[in-house]
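Two complexes, one shared chain (chain A), two partners (chain B, chain C).
On to the complex of A and B.
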């Protein structure tokens, strides 16, 4: 079953663009990455899922139900970690978490304490006094304490130290094993690469690609570096070659296409050194945006 | 119920501050009454020497100063200003504070309908205002009993006047909510509430001075003029109905607007 299904989801803020014709499917049990630079429409999409804002056109179904009409019912099973930390003034950590838990039909006390222990959160402190990273942890516990079926993460790791990030990722993987579906929005590609099965790339409000993350790396571009004397880069200009750069006698470029075509071409040259590697997500991403 | 409790506990400190401040105001003013009463003649002369416009501006034109209720009615105008600011603060802040402090992302992503959120918040605000009003009821009766020097008072007039607080505050509460939902973002509550309260106060004073009836009709300070209520022992219903109608329309509009509101993101 699709946990999230959007159909030409479009949002304009007055005349300015939010997102346009976003259609995507997130299947049950997936960890779905959602990447794009700031202002591409990631948060807009997420806010539409949570009916914090209303679409101009199109619709989104979550758990197969319209996310506006059945908003309250759907949100019973969603955990959301916003990118910004927010909290009521003067509340203690435990007060806030209990307030959060009070909205759900199940008893969350045990899970609340488990998560707080795991994230090394001091429940007695006032939230105002916490550092940014610690506030972020409150956000994490708050979003997960009701064991949601769908976890929506909006750039969750900013402010967490690498150790905490690691813990957080393990936690997310565990939640995923338990059966939760994860929708993970980020502009930090490394973490998306580590965690996600599939990824959608959004640019200026439009989805430009949705792919399996392995396929994205494998069947996509290769990064080739050749060191050779007297090699003229013009000879390498065949279909599929792009982004040629020459530096200190080393030519590097991206290639997409039949790998034999390029090895034959390179084989004819007298070369000193050759590397062929998959692009990491960051490079793929940069390529999409150039 | 959880939202109600939460909202109410957040407001508790402010409720206490307002209640105590207004009670102190009442006691301080009433403490002066015995000396006023002793110099009735002198005071009468003093008042007639003031320009009539000034008296109208402060709602003192028809006031019978020499009775304890007449005096109380004069000071009650200041209570009304305080009550109006309190109610307007709660109104403007009711939902906008969640957006300016980004807690809307917390609250509105919980499994609860927006109409229920608004209802709970509204009830918490009404309860908070009711507590303040209860304090004022008590301190009014106490102060009058202490400082009236055994003078007879018209209970009915006093009760009508104190009852008007509820309708009066409801007006500012609901108009505040509605305006906060009409504008795109309320960054700071105080300018809005001060603007609304003093705007309407001045409208009433100004309308009285230039004798322009249509301006007064807009202001709840006119609808619930203490002088009128004390003299007649009842509200001026035809005007009071305007306040209550505006409050009702504002409330309905607030529900409508809140249900459809796009909650701006934090960044």
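On to the complex of A and C.
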């Protein structure tokens, strides 16, 4: 079953663009990455899912139900971590978390304390005394304490130190194993690459590609570096080669196509060194945006 | 229910401050009254003052040497204090979530926007009622030393009823502005401005008979304390008008808030 299903979801703020014709499916049990630069429409899409804002056209279904009409019911099963967390100042962390827990139709007390222990969160402190990173931790505990079926993360790692990030990723993987579907929006591609099964790439409000992360890397460009004496880079200018550069006798380029074409070309040369690797997500990403 | 209690807790400090203001006002007011109390000389002083000034201060209609008459003059200030509190609470209660950027928390909880509004409005009504009861109680306590008669108690009770209506009108107006206005940061200053303008209109209305039609515009004129004292009843047309204002504002607020984008 699709956990999230959008059909030509479009949002304009007055005349300025939010997102245009976003159609995507997130299947049960997936960790779905949603990547794009600032202002591409990631947060807009998420806010539409949560019916904080309403679409200009199109619709979004979550758990197969319209996300506006059944908003409150759907949100029983959603955990949301916004990119910037704001809570009522003057409340203690524990009071806030218990307040949040009181809205869900299950007892969240045990999970609340487990998560707080895991994230090393001091429950006795007041919200206004917390640093940015600690507020984020409150957000993580608050978003996960009711063991949601769908977890929506909007740039979740900002403000967390590397150790905490690691803990957080492990937590997300565990939640995923438990059966939760994850919608992970980020512009930090390394973390998406580590965590996600599939990604959607959004650019200027439009989805430009949705791919399995492995196919995205495999079927796409290879990064090739050749160090060989007397090899003229002009000989390498065949179909599928791009970004060709020569530095200190090493020629590097991106290649998309049959790898044998390259090996035949350079087979006769005296090669000192040769590396062929998949592009990391960052390089693919940059390629999409150039 | 949890939202209701949360809002009561969050608004506790503000409620305490307003209660303090009302009690202080009563304290000062009634101690000033000791100068008027059974003192006919002051009446002649008042007779020498310009009629327009007396009318603006609503001192014409009352015999200031009786505690009932004196309270009649204080009513206009209570009108102002209690409605300012109501309009500020009303405009703040919904829009503060957007102002403090907590909408991404409160409205991603599994509740509908309408149920959130209902709980919040209930909390404001509760606050208004507590403030009204404090006003009522402190008035009765401070008036004790002047041996008020049964007419006084009756007048005070009627006045409290009109104060409640006034609170509800301005609370509803505040809520409406807080829900509708795009610049939510300005909703409470806008609400207070509207309140003050209608207060001044109500003063102007009292100055000339030709301006009598203005009394339909400003809620401060709906229940004239002097008429209330002498006739002991509220005019039905203004009760209806008040209820219409309240219902229209609240309905408008619900419709607008459930349909619009939240500002994040």
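To be clear about the criterion, the second predicted complex is superposed on the first by the 290 of 290 C-alpha atoms of A that agree within 3 Å, B and C clash if a C-alpha of one lies under 4 Å from a C-alpha of the other, contacts with A are read in each partner's own complex, and residues count from 1 in each chain.
Throughout what follows, contacts are C-beta pairs under 8 Å (C-beta built on N, C-alpha and C of every residue); 3 or more make two chains touch, one makes a residue touch a chain.
On a predicted model such as this, the values are computed, not experimentally measured, just so you know.
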Determine, for the superposed arrangement built on chain A, whether chain B and chain C clash or fit.
clash
Quick one: classify A:240 as touching chain B (first), chain C (second), both or neither.
neither
Can A:103 be said to touch chain B (first), chain C (second), both, or neither?
both
Footprint overlap on chain A, comparing chain B with chain C
13, 47, 50, 52-54, 71-76, 78, 80, 82, 84, 86-90, 99-100, 102-104, 142
For the complex, give me every residue of chain A touching chain C.
13, 47, 50, 52-54, 71-76, 78, 80, 82, 84-90, 99-100, 102-104, 142
Footprint of chain A on chain C - complex, ascending
2, 6, 10, 100-105, 107-112, 115, 259-262, 264
Please output the residues of chain A touching chain B within their complex, sorted ascending.
13, 43-44, 47, 50-54, 71-76, 78, 80, 82-84, 86-90, 99-100, 102-104, 142
Chain B residues touching chain A - in the complex, by the definition given at the top
2, 6, 10, 101-106, 108-113, 260, 262-263, 265-267
